[in-house]
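Dropping a structure here in structure tokens format, bear with me for questions.
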Amino acid sequence: MKVWIAVLVMWAAGLLPVAALGQSVAPAPPANLTAVDHDWDDGTRIDLSWTLSLGDSSLQGYLIRKKTAEDATFTVVDTVPPGTNRYTVSDLIRNHPYLFQVVAISKDLTESSPASTSAPVAPTMQWLDGTRVWFLVILLVFCGSVIAFIELARRGVPLKVRRIAGLEAIDEAVGRATEMGRSCLFVPGIGDLNDMQTIAGMSILSRVAKTAAEYNAQIEVPTSHSLVMTAGQEAVQGAFLAAGRPDSYNSDKIYYVTDEQFAYVAHIQGYMTREKPAACFYMGSFFAESLILAEMGNAIGAIQIAGTGQPAQLPFFVAACDYTLIGEEFFAASAYLSGEPGQIGSLKGQDVGKLIVAGLVIAGVIAETLVVLTNSPAMRAFVDYLTRKVLS
Amino acid sequence: MRDFLEQQWWLVVIVLGSLAPLAAQFVSRGFLPTLRTLDRRWIFLLMFWAVLVPIYFVGVTGRTFPEIPGALAKATFNEIEKLHAGDPVLIAFDYDPSSEGELSPMATAFVKQCAEKKLKMYFMALWPVGSQLADATIDDVLKSDFPNLVYGQDYVNLGYKSGNEGVIKVIVTNLRELYTTDSRGTPLQDIPMMHGIQNIQQMKLVIDISAGYPGIKEWVQYAVTPFPETIHLVGGSTGVQAPQLYPYVPRQLPGLLGAIKGAAEYEKLVIDKYGGPHPNPKYLDGLRRMGPQLVAHLLIIFLIVMANILYFADKRRESRS
Amino acid sequence: MKRETMIWAAIMLLGAGTLIWRAAFTTNGMGREYVRAVPVGNGQWNRYDPATYDDYIRSESANPNQREYLLSIPRTICLWIAAFFTIAIFSFLYRDNPIYKIVEAIYVGLSAGYWMVIAFWDVLIPNLLGKVWPTMIQKWAMPGLSGPDAKRDFWYLIPLVLGIMLLWRMAPRGDWIARWPLAFIIGTTAGLQLVAYLHGDFLEQIRSSILPLVVNNLGAFDFWASVENLIVVVGVLSCLTYFFFSFEHTGFVGKTANVGIWFLMITFGASFGYTVMGRIALLAIRIEFLLDDWLWLIDPLHRHTR
Amino acid sequence: MKRTIPLLITALGGFVLIASYFIPPAQSWGENVSIWFDILSSIAFVLGGANLLMSHLKSISDRKSGWGYSAVVLVSFLGTLFIGLGKIGVHPSPQFPNMAWTGYYREMGSGFWFIYQYGYTPLTATLFAMLAFYIASAAFRAFRAKNVEAALLLGTAFIVLLGRTFAGVALTSWIDPSKWSGFKYFTGLKIENLTVLIMSVFNTAGNRAIMIGIALGIVAASLKVLIGADRSYLGKD
């Protein structure tokens, strides 16, 4: 600390040339630096370990440097606090030999002589990514439970699920549109087909279209991507067929407008004021246009049901629509609407997922609290393992 | 204000004239009935004037709307204010022109305050264009208003370094590992104010102006978290980013300016202390842009209050009948 | 209706008259675009960078014969068109009208074309044709593409074939063939997003919810920080309860789910309030465009005052 | 054939990509597939463009009401395509002055640049700006304290909105520890601090739960697609 103040004082006086720093005593260097390939990875990591410097307790830390065999100079990777004797270097190039250096740095930032690796080491790739094993376990447990419940349901085990208000309103909305002799508008959002929200929206579209076909109501689906239009046509055609009214299907009603978000909205809001659909469904991936659509629908007095997985847009749908399917409810909707036992089973699987979350959070919170209260190293290790390995 | 109304009488006539039918409705049909069936186009019109009139007013008169600095802006201001002449501060420009609207008023005010406090300023950037934006701010503030400050002695632009948070990790312990010259290519040993600067822990304060990644979050994670006693950080951020930074306030991030509102509050503090009786309009960018914001926010608040007055009046009437 | 039409006609005439008067008979005028000619290459052609009236006047007063700063007629016309577009879109707020309908039609057509042009030059040419027939593309439009020794990448035949199958939809027979590429897209999307969301959002959010309920700040018990952590944990768990599908929202579950709804409502209210500022900024920018760039009524950046 | 093969393609594509996530040599497959997707969606523009052309041509030939607007759509669509694809007004790249097609299609001053600068940009920005109006009308209509939930929604929005004005700051500026030391326990009630608390605590908790739910929903929805439980996108045959 004293040295530190002295350095500052001298520096403030502008008296201290850089070379002066070099005159302070260099700390004892670390020793026995070894580098080995990190096991079970994608070939980008190497593990370093070394023996601590003799004066470890008075150090600022260790500086780790790397260079490829052909590089002229070493570059800094990271600094680690005193007492650390191992480090995993990541973001390396696969099968590329590297050399490493570790130096001790004293509190006045003097570097020791380096400990170096003697021969170059190259990171290699294994066929399984070990850092993702815990993730694989979680994935298998979760997907396994979804599939298991789907199987159970298909075998006739009765599964009970709660009501979701917005979904029961769909029939009512389509029915009202029929009574009024107006159309139903279905907006699948501005996501393309590489977004699960759009695909979930297509699923809901097929149910809504089926209801519409049964009621003999008009359904209008403007889309903002050609692929979504194609998938939408397939879904609606299938729905009309399933409802036994293939002749009422009109592919012109599922059409492409433009890829541009706001031009798409300009078209829809124009359509809404002119044709005054009685029921509006917004199901898919939405961005800023959510409020324009919902306010427009409100102005023309349509029943509006929205569902999206874009958290930022939920407030606007909640404020302006009659019913909003929030996040997970939106994805659950197609299962509900289908009424097929297999699909209902998947909802139970989702609940298992939530139980896993609750369990992990509660266990973690208790352990983390105990760490603070008792300072127990075993608890610390448990929390570290949980957050760094299991949930990484 | 009176001069403005007299000279721009035509605007007053248009605004009042356009709202006259609404006023007439309120008078003829009564307050609540009009509110109950209020055509939303009146709200649109109110909103239009709420934004247009302040822009025009500020644009024509150059005057700005009132602003009262909040706790976070005050904290930011005080963190700089408590430093002493000659203390080194690092100012990082981590944004690009797309967020200039929100962030350049902050940058200007930060530099102005540091210059007034006679601090030694070290500029750097983790975003490629940040270095040019820093130069622009230097031209705008230091070269024109503080001509006695000398490059290399009072301020230096270290320029942009690629590597995102990797840069932070290295320079917290060793600045020279990455920086050997300033942005113009002058070797650091030839720059007087770089003598003795080994790392950024020697800075009395780090100021980050940030539009995303890398930005304040990375500075907190890789500079403040490992060295909480030596590195102090304040910053300015875009409105979109600010909520993600609030969890760091105040322990790791004592001061934070969020969006144009934060910029305006901070500008107000700087101008009140250092602006003199007739502050240069270039230090009022944030306050100018707050004009339409303020009136529009007040309008929405007013609308919400009206809506609830109406709701509770209707409820009372219902329960009575 | 008749009276309204007359009022609007009068307002429009008045507005048009004011604009003409302002553009033609005031000292500064309004709505002109200036450019600066910058020679490119060996002076084969000029690039025209945007400049301001202020630049023009300054350069003109220094040298009346200068040819560097110029008034641009096409850009001036386009500026007026842009202003017309802006007003036309805003006119929809009053009511749907023919002018809005025309601009809507222009916008839909223009933007559809716009994205197709981008897809052609930025995706199809470099990423498909440039991979399958690199030499041809190099000779024609992109000489710099993938270096001098560009090799064919036959993997890109897969999307090409899938694309052709997709286009088969337009053929009179066998349109079911288009379902294959559709199935490919949906399957790979499902696979990619399943992993991405589970590994990204899911684990990340659980990890950041693991917080100590007792916070120790530099050796001292920090009451408020502890309460905040408690609220976050309770909030996350109660919101999750709300999403539970297996139980009806009655009894204890119902009460917890209710707390969850409260949290959600606070979240939505906060996001709503927080977004307002950004949306108003957007409107302010549009109005600044009208007042500053077009009408030259205000001039905070000193671009068109003598 | 018409349904089984697509189902197989779906399942195979999905499960292979899931597996590739754990197998280092295959980890780049996902990126390749994303590039392929961009290509496919670009090719699909032909379908969208054809659909646009057909439907507007049809409404013109049927003389449907408003067919004139369809003509405007067609003119602006084909005009943009012609100018953009033909690189109208684009100079050859300075490095290759003899190759007519080498210029950048969005070069400043070119036809496509004009369309972008004076057509696309103002139109997009103006439509985006309409949100300012709709946010006001939505606030007036929806923010009424009908029940606890609505009151919370309204109350939070109100506090956050107020905190964005000087009036809000003024309202609580009397909570000043320098005036009375007891106020130091209440600084959390200052409106700007309250905003920070709402955003960093309540908003964090709510959004976290929503994101966890969405992740679970996406996983279940994906799985249903992959194992063929949900095949609504395939139509019926």
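By written order: A, B, C and D. Residues from 1 in each chain.
Convention: contacts are C-beta pairs under 8 Å (C-beta built on N, C-alpha and C of every residue); 3 or more make two chains touch, one makes a residue touch a chain.
Since the model is a prediction, treat every value here as computed from it, not as a measurement.
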item	value
Joint neighbours of chain D and chain A, given as chain labels	B, C
Chain pair showing more contacts of the two, B-D and A-B	B-D
Centroid distance [mean C-alpha coordinates] between chain D and chain B, Å	27
Chain centre separation in whole Å, for chain B relative to chain A (CA means)	31
Distance from chain C to chain B - Cα centre to Cα centre, in angstrom	23
Intercentroid distance (Cα basis), chain D paired with chain C, Å	8
Multi-chain contact residues (two or more partners), chain A	132, 139, 142, 193-194, 196, 199, 227, 230-231, 234, 256-260, 262-263, 266, 311, 314, 316, 318-319, 326-328, 332, 347, 350, 354, 357
Junction residues of chain B, two or more chains touched	40, 44, 47-48, 51, 243, 261, 293, 296-297, 300
Residues of chain C whose C-beta touches two or more other chains	89-90, 92-93, 101, 104, 107-112, 114-116, 166, 169, 179, 182, 185-186, 189-190, 192-193, 195, 197-199, 202, 206, 209, 233, 236, 240, 243, 264-265, 267-269, 271-272, 274-277, 280, 283
Contact set on chain D toward chain B in their complex	132-133, 135-137, 139-141, 143-146, 154, 157-158, 161-167, 169-170, 173, 187, 190-193, 196, 199-200, 203-204
Footprint of chain D on chain A - complex, ascending	41-43, 125-129, 132, 136, 139, 142-143, 146-147, 150, 192-194, 196-197, 199-200, 202-203, 205-207, 225-227, 229-231, 234-235, 237-239, 241-242, 252, 255-263, 265-266, 288, 291-292, 294-295, 298, 309, 311, 314, 316, 318-320, 326-328, 330-332, 334-335, 338, 340, 342-343, 346-347, 349-350, 353-354, 357
Interfacial residue positions of chain A with respect to chain C in the complex	132, 135, 138-139, 142, 160-163, 193-196, 199, 227, 230-231, 234, 256-260, 262-263, 266-267, 269-270, 273-274, 311-312, 314-316, 318-319, 326-329, 332, 347-348, 350-351, 354, 357-358, 360-362, 364-365, 368-369, 371-373, 383, 386-387, 391-392
Residue ranges of chain C touching chain D (in the complex, touch as defined)	40-41, 44-45, 47-49, 74-75, 78-79, 81-83, 85-86, 89-90, 92-93, 101-121, 123-124, 127-128, 140-144, 155-156, 158-160, 162-164, 166-167, 169-170, 176, 179-195, 197-202, 205-206, 208-209, 224, 228, 231-236, 239-240, 242-243, 260-277, 279-280, 282-283, 285-286, 289
In the complex, chain C residues that touch chain B	90, 93-94, 217, 274, 276-278, 280-281, 283-284, 287-288, 291-292, 297-300
